[in-house]
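In the two assemblies presented below, chain A is common to both, partnered first by chain B and then by chain C.
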Partner chain A sequence: MLYSLALKNILASKGRSITTFLLSLFTTVLFIVYVAFMDGSHVQIIQNSVEIYTGYGHINVKGYEEAKDYDHLIEDAASIETLLGKESSLAYFSPRFETYALLSNKEISIGSMIGGIIPSKEKNLSRLQSALIKGTYLDDNDTNAVYLGSDLAKRLKADLGDKIALIGSSLDNATAADLFTVKGIFKTGLFEFDSNSAFVNKTYLDTLMMSQNKASYFILRFHHDKDTFKEIASLNQKLPREYEALSWKDLLSALVQAMEVDSLFGYLSISIFFLVIFFVIMIFGYVNIYTRTKQIGLLRALGFTPGAIKKLLFGEHLILIASSVLIGALIGSAVSYYFHIHPILIPGLADMYKDYGVVIDSIATDFNPLTIGWDTLAILLLNSLSIGYPIRQINKLSVTETMRYV
Partner chain B sequence: MKYLFVWLISIVFVFADEADDIVKAVEKNLRGDYMYAQMRMIVTSKRGQRTVKVESWSQGDKKSFIKILYPKQDMGITFLKLDTQMWQYLPKIERIIKIPPSMMLQSWMGSDFTNDDMVKESSMSKDYDARLLLKKMPIVTIELIPKPNAAVVWGKIVTDIDISRKVPLKEVYYDDQMQEVRIMTFSDIRQAGSHILPMKMELQPLDPDKKQNRTQVFFEKVNYDNPIDPAYFTKQALKRFSN
Partner chain C sequence: MTLTHISKTFFPNSPKEVKALKDINITIKKGEFATLSGESGSGKTTLLNIIGGLERPSSGKIILDGLDLTTLSDEAMSDFRLRHIGFVFQAYNLISVLNVRENIGFIMRLLHYRDKEIDARIKELAQMLQIENILDKFPNQLSGGQQQRVAAARAVASRPKLILADEPTANLDSKNAQRLMEMLRTLNEKEHITVLFASHDKYVLEQSKRIIVLSDGAVIEDR
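Take a look at the complex of A and B:
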């Protein structure tokens, strides 16, 4: 009986019901889509950072991440290569040798990260090759060829064909110096990376740095990126004690934390909006209930207890809110899914973000049913609570007061 | 009470002045007006031991020229410091390279010394405020705190000085978190012409990861008493005196 009465009351005050319904619907859609876009941009930023150079996983000597020096090198890269060769879960892997050296062109000298890579293997592990903007990418037979970051090339005032001096320390602490010809220039969009990095063929760099059969770390890519954490844990069981396998979450911990903080601020910002919506719905509920004071007084006179009145009014509100939140969740999910499949391409966005070290040329959502479920529940709970105060207030009035209420 | 306060303040200033004078006297003794030296540097690290022999010419604290004599693969590499700038000549690639400020904290020739140590861009007397901590004649302990706008690397230096011979005995370097970072000890103090000099220096980093590291420098020849040819302190000298 309460249910049919609640339904009748909803239909009786159509205007207010529709407004409450639409407000709740709009809030739900907005929240789901907002969170999906926020998470989507974070996923995209992290994915770009992972795929441009860092990679999904590394194997290095324990302590290398804290002190990236010659005391923490993999001293027998061949044995690690043999071990990784037997790993069926790995799609690709390759050793890298990284060092800090001085690059000099004419009067300009800049301290830079020099990466020794195996060009053919790197194609499947990073976006270095696809980031080429001028000249050609490295190949496995290159000797004195360097692949320069676009901003580093600008800072060095160097162009294709220029001879650049590289001065560093070899593993025996002697001075390692050689001239390299600029073979290609790359731009990933990661500003810091483009302005501080240069790459050469590892085989040649090894002869200069006396780092044959040594590596700073191995970069890994598994058949399925989503299995990275599981496979990293499994690798850690198999590796000799002095080595460790790290996932991108460990390697980019600062970025991951920054994204978490950003999410927190995102939720805080939208919660202000929800607070407004919460009060709007509450005021609507308040007005709605008080215009029916006499009707409530009549029900009370007919024997309805304050508890039954509470159930009736809450039931009315719940029907409206639950239906609107449900429909809102469906619409929000559909929108999120659409923009997950079809990201919004924004020309010039990459340029706008590059100063922050972020590579984004499109905005996509992260379609995650679990997150949508939690978002929906949060809105449902919040909107349901908004009717609590008006119900409490009306139940405070006596039967006589409600009957006489003008 | 008022007199006690004034007396205490005066004591602080007197001690500060005295400490400043001691630091200046030590710097003047070690640098001299001109200095020629031949040194042997032994670098010990996890990766083994390495010996480097160098020859150096300097004039006051503004100009210095260093030439690597040994090992063979580094022979002929020269360094020139003029004021706060540093250049390097590498005979293998026949290039003169200017060392940028960002590389000043990098290791010099694989040792525990930095490029900044070599150019002595920072001066204890000019960039630090000195304070006398302990006086136990002839040894004094002085604390050096960077002046507010000084471009220096260390958060603090505490040094033990033999004031009778105007030589340091020990220097403890702290980072900006006031954690001890490295210790330099001086020994084998001898008369070198008109100056007294510790003929052996040992630098030990305190990073637990670098427990095995140390750099020892032995002065094999020192001459403070002959002026140095100004031709050494030009960029042309880098190539000219490389052979």
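Take a look at the complex of A and C:
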């Protein structure tokens, strides 16, 4: 009976019902798509940071991540390699040796991060090879070859074939110096990385730095990226006490936190818009209820309890809100899915936002059914509550007051 | 129903204070066909509203079958009205989104009567009130007389103990007023439903078996 009466009341005031429906629908679609784009950009930034160089996981000596010095190197890389070779969950792994040195070309000298990598193994662990823009990528037999970041090459005014002097400090605290020929130039899009990084074959760098059988850390990739956290936890159980396995969340904790803060501000910004929508829907509900005050008074006189009036009015609102939010969720999901598959191309975007880790000129949404579910629930709850105040106010009036209302 | 020392003061202790009812003591017996009469502002509608539980008295008691209605909560009073009281209002007050059939069966549905019972009762009342041909129409498609007959049918459909009618003939022409009074009288006689009017319409007063005259919030005559 209540449901039928609620439905008839909705149909009787079509204009207001359609406006409320559309407002709620529009809010839901907007919220879902907005969050999907916000999350999409964060996922993109993090994924780029992870896949370009950092990797999904590391194994290093405890304390290395904070100190990044020679006192926290893996002293017996071969034993760790043997241990990791037995790990069935690992798809790829490779040792890296990282140090800081001065690179000089003619009169220009720049302090840079020098990475010793095993070129053939890095292909499966990072995007260093695919980031090549000039020359050729390193190979495992290279000796005095250097692979330069594009912006670092620009700063050094160096090009392919140029001789670059490397001056650093070896593990025995002696000066390590050598000449390297620029073999290739890469551009990942990560501005900081491209302007401060250079790579050489680890085998050769080890002879220069006296770091044979040593590594700063091992970079890891599991068969399934989504299992990274679980596998990292499992690895931590198996590693000798002085070592630790870290996931990309630990390695990029500052970036992850920055994304979380950005998300928070994103939610805060859109919540102002929702607050406006909330009050608009509430005002519509208010007007709708107050124009029917006499009918509500009549229902009270005929025997409707205040509770039944609450149920009736809330039911009417819920029918409208639930249907609009549901349809809005479906439309929002479809839009999010479409832009997940077909990212929006914005020429110049990467250049404009290079400092924030944006490396491609397109924005894609993050299509996550769980997030969409929570978004839908939040809108449903918020819009449903908007009718609470008008109902409370109307139920405060006595039966005779409502009956006299015109 | 016994009303003892019923008083009603609007806006108490304020400059706008109005003493609408003063120490009313009356008893209404089952099956009565009575009218509260008096000039405008004499307090008859207020008294009717208090009897119907639409308004609470400032003091006094209303005892029905040993139960003091003034002690009931809002929820309990609503339930009491639903089960025991039928209202006929001056302005008809039909539910605009429901058709005539649904309006008449409205209270029976709230009381969870079975569909068969509701349909039978609607048919019976429609015949009695000669409104069979308008059962599928909506209130805005009806004349004033038709609306008041539908309102009366709604009020009596669930066979309440008491029907309260506030100026039911005020908006009706003499023919429709006569028809309505005849119908209420028939129901009163056939189904022993107590009917209490608030009216100063001469025709209603002529038809009433008992007249309680109010003046300035007090009973000045009961005959």
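Observations on the structure shown:
Note that the second predicted complex is superposed on the first by the 404 of 406 C-alpha atoms of A that agree within 3 Å, B and C clash if a C-alpha of one lies under 4 Å from a C-alpha of the other, contacts with A are read in each partner's own complex, and residues count from 1 in each chain.
Note that in this section a contact is a pair of C-beta atoms (placed from the backbone, for glycine too) under 8 Å apart; a residue touches a chain by one contact, two chains touch by 3 or more.
This is a predicted model, so every value here is computed, not measured.
Applying the stated contact rule after C-alpha superposition, one finds that A:T400 touches chain C and leaves chain B untouched.
Once chain A of one complex is fitted onto chain A of the other, the partner contacts of A:G303 are limited to chain C, with no touch recorded for chain B.
Once the two complexes are overlaid on the shared chain, A:P240 sits clear of chain B and of chain C alike. Of the two partner chains placed by superposition, A:P369 touches none, neither chain B nor chain C.
The intersection of chain A residues touching chain B with those touching chain C, taken from the two complexes, is empty.
Taken in their complex, chain B has these residues touching chain A: 43, 45-48, 50, 71, 73-74, 77, 88, 90, 92-93, 95, 97-100, 102-103, 106-107, 109-111, 209-210. Residue ranges on chain C touching chain A, taken from their complex, read 49, 52, 54-55, 74-75, 78-79, 81-83, 87, 89, 93, 95-98, 106-107, 109-110. In the complex of the two chains, the chain A residues touching chain C come out as 1, 5, 8-9, 11-12, 294-295, 298-308, 398-400, 403. On chain A, the positions that touch chain B within their shared complex are 63, 67, 70-71, 100, 102, 104, 107-111, 165, 167, 169, 171-175, 177-179.
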